[in-house]
Amino acid sequence: MVVAIAVVWEGGKALFALPSYQLPHLHEIAADFLREGAGGERWLWIMAQNASYTALESLIGFALGGVTGLVLAIGFAHSRWLERGLLPYVVASQTVPILAIAPMVVVWLGTSWFSKAVIAAYLTFFPVTVNMSRGLRAVDPDALAMMRALAASSRQILFKLRFPAALPYLFTALRISATASVIGAIVGELPVGSRFGMGVVIINAAQYYNWRPANLWAAILVSAVIGIVFYHAVAAVERRVVSWSRTAPVV
Amino acid sequence: MGYVRDYAPAALVLVMGLVLWEAVVFAFSIEFYLLPAPHVIVQSLRETYPVLVEAGLYTFTEAVLGWALGCGGGILAAMIASRSPAFARVVLPYAVASASVPIIALAPLAIVWFGVEQGSKIAIVVLMTFFPTFVSTLRGLLSVTPQSLELMRSYAATERQLFLKIRLPHSLPMMFTALRACATLAMIGAVVSEFFGGPVKSLGVYIKSTASLFQTRQAWSAILVACALGLLFYFAVALIERLAMPWHFERGEH
Amino acid sequence: MGSPIVDLAGVAKTFESRAGATEALRAVSLSVDAGEFVSVIGPSGCGKSSLLRIVGDLVEPSAGVVRVKGKSARQARLDRDYGIVFQTPVLYDWRTVLENVQLPLELAGRPRAEREQRPRTLLRLVGLDEFAGHYPWQLSGGMQQRVAIARALALNPSILLMDEPFGALDEMTRERLNQELLQVCAETAATVLFVTHSIAEAVFLSTRIVVMSPRPGGIERVVTVALPRPRVDATRADPRFFELVTTVRQSLREDPGLAGDRAGLRGR
């Protein structure tokens, strides 16, 4: 796969005679990682620092959003009124460009890592809530009747039946959220005032693009890798946890 | 009366939320630059109306064009890929995994390639909407049951008949689910791409710059416009869906 | 009686998979005459569905010859000599009941007048003319299967291939549809090859019953059903009906798997 991309990349560059300004050689991008930055540090190190900063924001946001979404979904499963009152907004929020309020969150919470984590959290929270409450309700009625026949308490029904049954739905949401949380963190770093993270590196690299185009490509590459690693980490956990599931629901 | 029972809680939450918002802003005398009260946002919306409409249309055009190209391309690519199920099964996992790439991060590069104006934003929206549409449509086209294929074979149906009469209508529900989701995605893609850089007359730049100047009420009214346009887009696609698949909605489950 | 509608000679089928080759059918020879109703019955895995699919040119035989109306199965399929009904109705959500029955006529490019008339006649035949404008999901399972039968008859096929068509229905619906199927066959003079799990159903419907043995599938015995026609509810109470059911059941017991047990008993 990597080889195929490299071939298409360099092939396309040669075929359309694209200058390095539009599409740098792969080795130029690789070389950028070894270049020394203004502070005398190698870019490999600068990227690694910023990448881990962004990754940490995403991770905190992912955990925060995941837990909030879970709690809310369980609340919905318990109270029809809560569900009828709030779920329409959770669903409607998926139809509006919610990420547009990212700059406002930064205004409220400042430019520290916290505001980024919050943005990552709310991108995580929506799919988890929607999918999890769908999953908790998607229990086989016969299985529910059997639990009732065994005089199971509602807590037992939740943990022994509803929760396991909802896991495939949960993981489908978590996979989407994994990438979304990285996007949230990066977008949260865009507003003026942020100092660390891949969003900042990308904005700066874009400003200096005319001088060193490979820098932007490298920054984007690193950002993409964070997203891909997150996504596949969740997918790997999913395969272990819900290995019994025949069909993962498609969202 | 079912309507009242179903929608009353939601309406109540909306009213309570707005009242609470106003009350909190008033009671704690929160500075308007931090959190403007709803009536202030509405007021600002009235004042800056012409600017917002211009910016809104500018960004909305990007979203709609990008959506049309990206989804159109995705559907077309899925149709071609479905001609060879073996090939489709090879590409499908990669197309699914493309969901893991934060495509929005490519926005500054798109500016290099397609200019700082609408072209670069359209390109990002195209990239964001192409893969989900491709994956859903392809899955829809390929999920025809084996019995269905045997039935068509027993009637000596041609490939063309199989495609037009069975595979295509069968794929519509999944295709439209993607088209709806992509409408939202397109609006997000257009606004957020503009955060990375764009002309002043665009919604994203407007939101980002007013927010950084603590002109919060202007930022909020612009966000409101973005949300309204997003909703409009979503429901327009949902309406087309209803018209395209009357059989799907008569069940009353949707 | 002229030449048979279906003529199988030495048909065999071996499925190749990663796990190795599985012999599904061995040396099956059978012929079905016009107007006959032949049931194929046997335990799971005896290859009866494969046999049906080989006749319908949905599966290629590994060996042997299949002739349908004196033609190759492939030619018969291209000439649209088949009507097929599966266990599931396979109706299309986006088509009304009438449009579902029209589908084969559309595929065959039949003239408009026929596309309008024929499906209505067939829906009347299966008692669903009132439901022509409904969508399939608005119908019960039994009604859906009747639509599938009407669709299978749309092109006036030389042979009707039915793969456990009533297997998913409850016993009462199944018996009613058995009765209706016989009426439909009488009116359309259809020739039927019918795969089933149910002994009573096979006896009630058939002129002949092919009892199959498993692994690899082969014909164990052919039972001729000489019950009078038309067959009605009273037929099920006829002593000869029970005799035939018993005969078929005993033939099914002559299973190589069980034969071993019997040998063991004899040795004692």
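Miscellaneous remarks
So that you can tell them apart, the chains are marked A, B and C in the order they are listed, and the count of residues begins at 1 in each.
Following the convention adopted for this analysis, contacts are C-beta pairs under 8 Å (C-beta built on N, C-alpha and C of every residue); 3 or more make two chains touch, one makes a residue touch a chain.
Please read these numbers as outputs of a predicted model, since none were measured by experiment.
In terms of which chains touch, the assembly is arranged as an unbranched chain of neighbours.
Here the chain at the heart of the structure, going by C-alpha means, is B. Two chain pairs are in question, A-B and B-C; the one with more C-beta pairs in contact is A-B. Distance between chain centres (mean CA atoms), chain A to chain C: 53 Å.
Chain A and chain B have Cα centroids lying 18 Å from one another. As a whole-number value, the distance joining the C-alpha centres of chain B and chain C reads 49 Å.
None of the residues of chain B touches two or more other chains. Every residue of chain B that touches chain C in the complex is listed here, in rising order: 145, 147-148, 150-157, 161, 165-166, 169-170, 172, 245, 247-248, 250-251.
On the side of chain B, the complex with chain A involves touching residues 5-10, 12-14, 33-35, 94, 97, 99-102, 104-106, 108-109, 111-113, 136, 139, 183-184, 187-188, 190-192, 195-197, 203-204, 207-208, 211-212, 214, 216, 219-220, 222-223, 226-227, 230-231, 234-235. Those residues of chain A that touch chain B in the complex are listed here as 1, 21-22, 81, 84-86, 88-89, 92, 94-104, 106-108, 175-176, 178-179, 182-183, 186-187, 190-193, 198, 202-203, 205-206, 209, 213, 216-217, 220, 223-224, 226-228, 230-232, 250. Put simply, chain C touches chain B in their complex at residues 53, 56-58, 77-80, 82-84, 86, 88, 90, 92-95, 103-104, 106-108, 135, 137, 155, 161.
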